[in-house]
């Protein structure tokens, strides 16, 4: 599961009806210190993540499993809010 | 779901019959300000997207779910038309 | 679906038996003007594509759907032969 | 299956309940000599891997198969601990 | 299917039991002339490939189909041994 940082949100009125009932957050892939890498994608939030937090995202068919209904047309879903990350013996991230 | 910009269309007479009944749009991955990133791909449009709009695309097996029939041989489908994007506290895109 | 150019073919005598009954073409990802991008892959041809043509390929599990039998071990299949591409208001490719 | 090095761990209290009962390790893709490549991801450990070890990870829907229950929302799972790697006739890695 | 060169092997004693009964070869993505591209991955061999040979690999869920049992936790499987490749009218590779 990629590590990602919640950096904002996406608003869409016209959309597949099966995307309703879930917040579409803007997330950027991040390194173990929480630094954004590359351009953001949109992920469906299933755990109540907030802006600035580091999260874990499940992608591909696993995103549909994470979405609680494999018939939802999603390919990226937030499955965990990270409390901390340890990398090479150091704590590189702690949720504030 | 990657953010993409609708930049054109693809015309194909000879094709898998299951691709019929849907418009094949040319879309480029985009950043949160709508700037095109890299070379475009073809996505099946399920929401009536128009050229110049920013959209969300579902990819992989989720594209087949989005296409309304998992037996359609597609790996990228437009599932939402974006109204706006918020990134790091700023509105980086608003549909015109 | 990625746009690809048919650039050649792959010959293999020793192979999974389920790959038989289909031509294995060499295709390179291409931009909207048909210029090759990166190194080629092998795709199963389901539409009678010819060398030099631009095509659309379905990848991942959608390739197996495209192959007419989800038990064929393929991850890239040609699903359409492109007649033309429109990109940012211009015709960037027309089949000759 | 990509080769990866176990470089740490991820702690998350708020998460999809189906992620419980497995350790979430931080792993970095690695070359055949065990050198880290790019930013790490989180993989569910199914084989008791330890920090510093080289492992094989299964990704995508195969990660869910590896997790012992295809309803677990994971897209990366450790499926083997490498003892050694041979690359171009040389032993490039041996587990210490 | 990506073209890959068999460059070695991976040995693992501790592994998912469903990986047994198949050789884990080290393969590098390759161009049409057989030159290695990037770092190698591990692929399950189903066709008796040998070191130095160019092969075709099926990835993702198609790898599990190729493995003869969709419950094997693999995401890369060798499905063919290439005899030759034709690229832009030239024979770029012939098995020796």
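In order of appearance the chains are A, B, C, D and E, and numbering begins at 1 in each one.
One rule holds for everything that comes next: a residue touches a chain if its C-beta (ideal position, glycine included) is under 8 Å from a C-beta of that chain, and two chains touch if they have at least 3 such contacts.
Small disclaimer: the values here were computed from a predicted structure and weren't measured.
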| item | value |
| --- | --- |
| Set of chains adjacent to subunit A and to subunit D | none |
| Distance from subunit E to subunit B - Cα centre to Cα centre, in angstrom | 32 |
| Distance from the mean Cα position of subunit B to that of subunit A, given in whole angstrom | 20 |
| Multi-partner residues of subunit B (each touching 2 or more other chains) | 60-61, 63 |
| Overall pattern in which the protein chains touch one another (line/ring/star/complete/other) | ring |
| Successive chains around the closed ring, taking subunit C as origin and subunit E next | C, E, D, A, B |
| Subunit A contact footprint on subunit D (complex, rising order) | 7-16, 19, 24, 26, 39-43, 60-61, 63-64, 70-76 |
| Contacting residues of subunit D [partner subunit E, same complex] | 1-3, 29-32, 37, 46-48, 56, 58-63, 65-66, 77, 79-89, 92 |
